[in-house]
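In the two complexes below, chain A is the common chain; its partner is chain B in one and chain C in the other.
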Partner chain A sequence: MWKSSAQTAYALLLPALVALAIFRLYPIAATIWGSLCTESFEKAGASVFAGVSNYADLFTDPVFWGSIWVTIKLNLVINPLQIALALGLALMANQGFPGIGFYRLLFFVPIGVSVPIASILWRTMFDPNAGLINSLLSILKIPSQPFLISQEQALWCIVAIATWKGISFWMIFLWAGLQDIPPQVLEAAEIDGANRFQRFLFVTLPLLRRPLLFVLVTDTATNFLLFVPMFLLTGGGPAGSTNVLMFEAYKSGFVYGEMGRALAIVVVLLLLVVAVVALQFRLLRRPEGER
Partner chain B sequence: MKIRSSRFFQSLFRLFAAGLIMASSSASAATTIRWLTLSNGSWPDSLKKVVTAFEAENPDIKVELDTYPFRQLFETIEVRMKAQDANLDVISVDVPLVASYAIRGYLAPLDEYFTADDIKNTWLEASGKAGSYNGHFMAAPQNTSSQFMYINRKLFQDAGITPPKGFGPDQAIDFQQITDIASNDRWTWEQVVDAAKKLTKESGGKTDVWGLEFDQVSRLYQMQCLGESLGQPLLSPDGLKASGYLNSEKWIQAAQWYSDLFNKWKVSPKNVSPDESPNLFTAGKVAIFVGGEWNVPRFKEAGVDFLVAPFPYFAGGKPVTGTGSWHIGIAKSSQHKAEAAKFIKFLTATEKGNQIWFDAQGQVPSTLALQTAIEQDPQYRSFPKDAYLLAIYEANHSAVNRPSTPGYLQVEDLFFSTFEDIRNGVNPKDALDGAARRLDRALAQFHP
Partner chain C sequence: MKRLFVHAGYLLVCILFILPLWWALASSLRPLEDIFKYVSPFSWKAFVPDKPTFTAYVTIFAEKGFGTAVLNSIFVAGATVLLGLIVNGLAGYVFAVLRFPGRNILFFVIVLTFLVPFEAIAIPLYTVVRSVGWLDTYQGLIGPGVANGIVIFLFRQFFAQIPRELAESARLDGASWLRILFRIYLPLSKPVVISAALLIFLFQWESFLWPLIATRSENLKVIQVALAGFEERYVTLWNELFAAAIIAALIPLIILLPLQRFYVQGVTAAATKD
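So, the complex of A and B:
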């Protein structure tokens, strides 16, 4: 019935394209439009077009720049850390020895714990007065640490919590990737005289590029939007040391009622994530000539 | 098969239609008004008592509660009011937010339901004023509040310290005696710290008893008393500038004192939230608790042996206590404004509704009638009900309203995070300078 196969393809794609427009493109457009508007107090809080004033305001605000720095600092540490640990776990899970099933189960456990529950659990453990971690430190004769209420330690405590929660999830993808690598290739490398480390570096890692790229991109996007531990544990403090962009956007919109500012922050965050992800794609692109 | 399935669908349809008819007939019988309010502690249960009495008098109106914890309530109001949620009729309004909600168009004025004379003759002048903005009455006072100093008698006895003059379970006291104590025997913060140092007890590197604890730790409501006691308001009189006020010398001095409680003298616990702090007093882990008058029934119920004394002040300064509490207003988008007004009137202004609310929740009434009744009623001369006499004294002598500013949301949140930072050891001057700068920026949008 259809005039050409292209038309058939478009017709079949239509539902997905409509869904994409409604659930992806429209919210992005609405966010960009909202970031160009502000509340008018002469018109009882009605939203009015304000040009780029929200952005101009943002770029002269030291709190915003502080927030950008915290976001970048967090991501520079947490993404390599999570991926390295997830890869390590995946390599361990990929081993075959008696009892490995038990260890694999242990690796999976954090996936079943929701982020809010993990946050609350860790807050109890990090409690400076009566927490488990300080009790353990006292056995080792290390003085009590302030953890989440310290400007220097809070962000790294959040890194620890998010990493504990995150790595087992990312491990699954890398482990699946490892299982996809044909054992013959590794055997061949072994026969050619490659040692364990060389086999990992020159055979396993290049063959793991696709799952690694997927994990890198989704993990980065997830961590740029990390919000729950800040919301539940630190409120962006102490002294703004955990005030990531996502939290600053939330506070502007839902606590201060400045939706224009909040949406402008979200747009900046979106551009930042897109830029970082584009860079990652570029770095992990297949070399020319390789299929 | 075909016949059977069509019968099945027919009967299903009939059931569905019957359900619709029933639902619509019950909906037309009564109007339901929805009230966005707090879920903390006994608040919802106390509200339900007022609602039950109201519904008995007004069978054509049903009141449904939609409750949220303290901090989430403010966020929910922002989101649902901005979306002009037509499913909301009544909102609980924390009194310093009246200006903010009015300027954003969240509230419908109550002018047609309460005349100027009604307002003047029903409530304390300060409460009526606090509920108004730009000449319109926006939210009616549900109750007001005051601040006391609570003393754990046993912990004082164990430490061999004479407690401040106050009143407790074993004596009767009248308004005159309370006036004398509040004007002559009120402790200074310096005396409080001296006692707190002796009352704080450690064992094995852990603190078992803390000398002093604030009820609303780091929250503006209670912290405001510190700087104000030294004679320095938080914001400029128009409520639009913080520099030169919040980071003034007096406020830095007050903040340094607050920091020292946690970091130098270590008489107060870190990492305790305002929601958790009263539990430390009921558990006998805090010797001096400075907090709201609303704690009296809670501490009595918990069986704590305690005294009530007037809220402290800085030597050389003046006594200042927090005041103001929840008001209640009509959502601008409400479809049932008349019914909502009827309920608001019942709760806040009628003798019956106000009395039920007072009996249930025990917070200081804003109505003149109930205050006079308390002053004269002999049952308020024995513990713990005599505490209301102190609350009434403070309401008339030391109470200072929170700053009236359309940017109160920003002010309160930044104030809280700044004082949390100070509690956690950030230099008070740096913290206050930073907060004042941030606030000036945030308040600039409201400049005319």
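So, the complex of A and C:
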């Protein structure tokens, strides 16, 4: 039918490559180019090359540095938190006892709940006056908390919402990894006298390195771009305390019409993600000499 | 006794997962004036509607056009799944089985694209879609979601586990690569097809920012955008908002939960193999 494997390969790859080129690669290139342009004064709607001026403006803007800090703070907490909880959940799902199927089913429920819905549901629960959480706290004689309208608490409420929504999804990959561990390995460790905790630390965890790396990288890329809860619940506030880079980019582009600035922020954000992911690969890459 | 503690621990986790949805479900079955009645001071009745009514569900479908949004989302997600399985499945197969110049660099670029989510490139994507005249159309919602780096990766990892000798001996017998895909690989691929389909479905079902900026017409509104709109425009109609949220969460769950086992099998290779 076809002459060579190479021709077949390119023919079968064509749809994916064309679609990715149009809807991913070109927009990425356009983002980089657009971040070097600014609105033209002569012609409305046109833009002219402006060198690094958008970046120069950004780097002297305290709002931008505030956003960088919020983004980093959020990610330093949310990624380790989600992965630890997802791992715990995966270990729970991986147990076998009568009735486990029912629990596993419920562990999957947040996967069906989108980020916008999770945000809206949790907002009503976090409501300072009529919210469920405050009324449950009042039973424990804890005073009402402001939650999303507080500069100190808003970001951590968003962490809670995104974590509630996210860990089921990340659990799947870690659970798959747990099921891939040959039971003989764990049995051998048990015969050698390793207790539950030692088996987890010295057998399970090293064998989970691949799935953990996979989840770490994809989760990090997801959370650096997290912005729907800020969009729907806080608008980046109060006082910029939830104003992550992605939301600042959205505001600059779609609210204030400063496209150059918005795209420059996106480029900075993507460079940040690539740098963090590269670091994660270096740290978790396969140790020398193994397999 | 020990078993009792185990079950208590599992139940606690499940309650945390279910609580917001349960509260939404209970509230959606209440008349509007009763929504916050049992919250403060708190009563167990907050979780059990005393006089359940389906008024909110009837209203959102009969008067607020929520049915259109549900159908739009099902259509957009369904079409993306069909196209996405073909496009990404072929690509994953090629990367796993065929040998050709440029294979590694192309695969690397594709994997990199999944570090750059939709939201990050929404602004230039808008320009691209506008220039092909797809703004405010179904194509504009479906097209950008079809090719997906993570789904290609999923297929590639799964296919790479299948012994290549099978394909090679079929080649010697004169079978084309496409025939090998359909005769040898596809029959073994149920888990990965299910995982890929669910990933693409959820991705489109949950998309919010892109439909928000790429469509304007009322009759193209997808479910997440309609939901967020409920909140802005009908700000006090909590029971309707909750009813819409329950429907939006229930549909993917009905599809996902029975397929749970295959879903986990399908992602195993992606998560565990180099």
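Heads up, the rule we're going with is that the second predicted complex is superposed on the first by the 266 of 291 C-alpha atoms of A that agree within 3 Å, B and C clash if a C-alpha of one lies under 4 Å from a C-alpha of the other, contacts with A are read in each partner's own complex, and residues count from 1 in each chain.
Heads up, the rule we're going with is that a contact is a pair of C-beta atoms (placed from the backbone, for glycine too) under 8 Å apart; a residue touches a chain by one contact, two chains touch by 3 or more.
Note that this is a predicted model, so its numbers are computed, not measured.
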Three-chain arrangement built on chain A, chain B and chain C clash or fit: fit
Partner chain in contact with A:200 - chain B first, chain C second, else both or neither: neither
Partner chain in contact with A:138 - chain B first, chain C second, else both or neither: both
Touching partner for A:12 - first (chain B), second (chain C), both, neither: second
Chain A-centred angle between chain C and chain B, computed on Cα centres after superposition, in steps of 10 °: 80
Chain B versus chain C as contact partner of A:156, first or second or both or neither: neither
Chain A residues touched by each partner, larger count belonging to chain B or chain C: C
Which superposed partner A:251 touches (first chain B, second chain C, both, neither): first
Which superposed partner A:130 touches (first chain B, second chain C, both, neither): both
Closest Cα approach, chain C to chain B, once both complexes are overlaid on chain A (Å): 5
Footprint overlap on chain A, comparing chain B with chain C: 129-130, 138, 254, 259
Residue ranges of chain C in contact with chain A within the complex: 3, 6-7, 9-10, 13-14, 16-18, 20-21, 23-24, 36, 39-42, 46, 86-88, 90-91, 93-94, 98-101, 103, 106, 109-110, 113-117, 119-121, 123-125, 127-128, 143-144, 146-147, 149-150, 152, 176-178, 202, 205-206, 208-209, 213, 224, 227-228, 231, 238, 241, 245, 248-253, 256-257, 260, 263-265, 267-268, 270-274
Contacting residues of chain B [partner chain A, same complex]: 74-75, 78-79, 82, 100, 103-106, 205-207, 269-271, 406, 409-410, 413, 417, 420-421, 424-426, 431, 434, 437-438, 441-442, 445-446
For the chain A and chain B complex, residues of the former touching the latter: 38-39, 41, 44-46, 61-63, 127-130, 138, 144, 146, 148-151, 235-239, 251, 254-259
Parts of chain A lying in touch with chain C, wherever the complex brings them together: 1-2, 5-6, 8-10, 12-13, 15-17, 19-20, 22-28, 30-31, 34, 89, 92, 97, 99, 103-118, 120-122, 124-125, 129-132, 134-136, 138-139, 164, 168, 172-177, 179-180, 210-211, 214-215, 217-218, 221-222, 225, 227-228, 231-232, 246, 253-254, 259, 262-263, 266, 269-270, 273-274, 277, 286
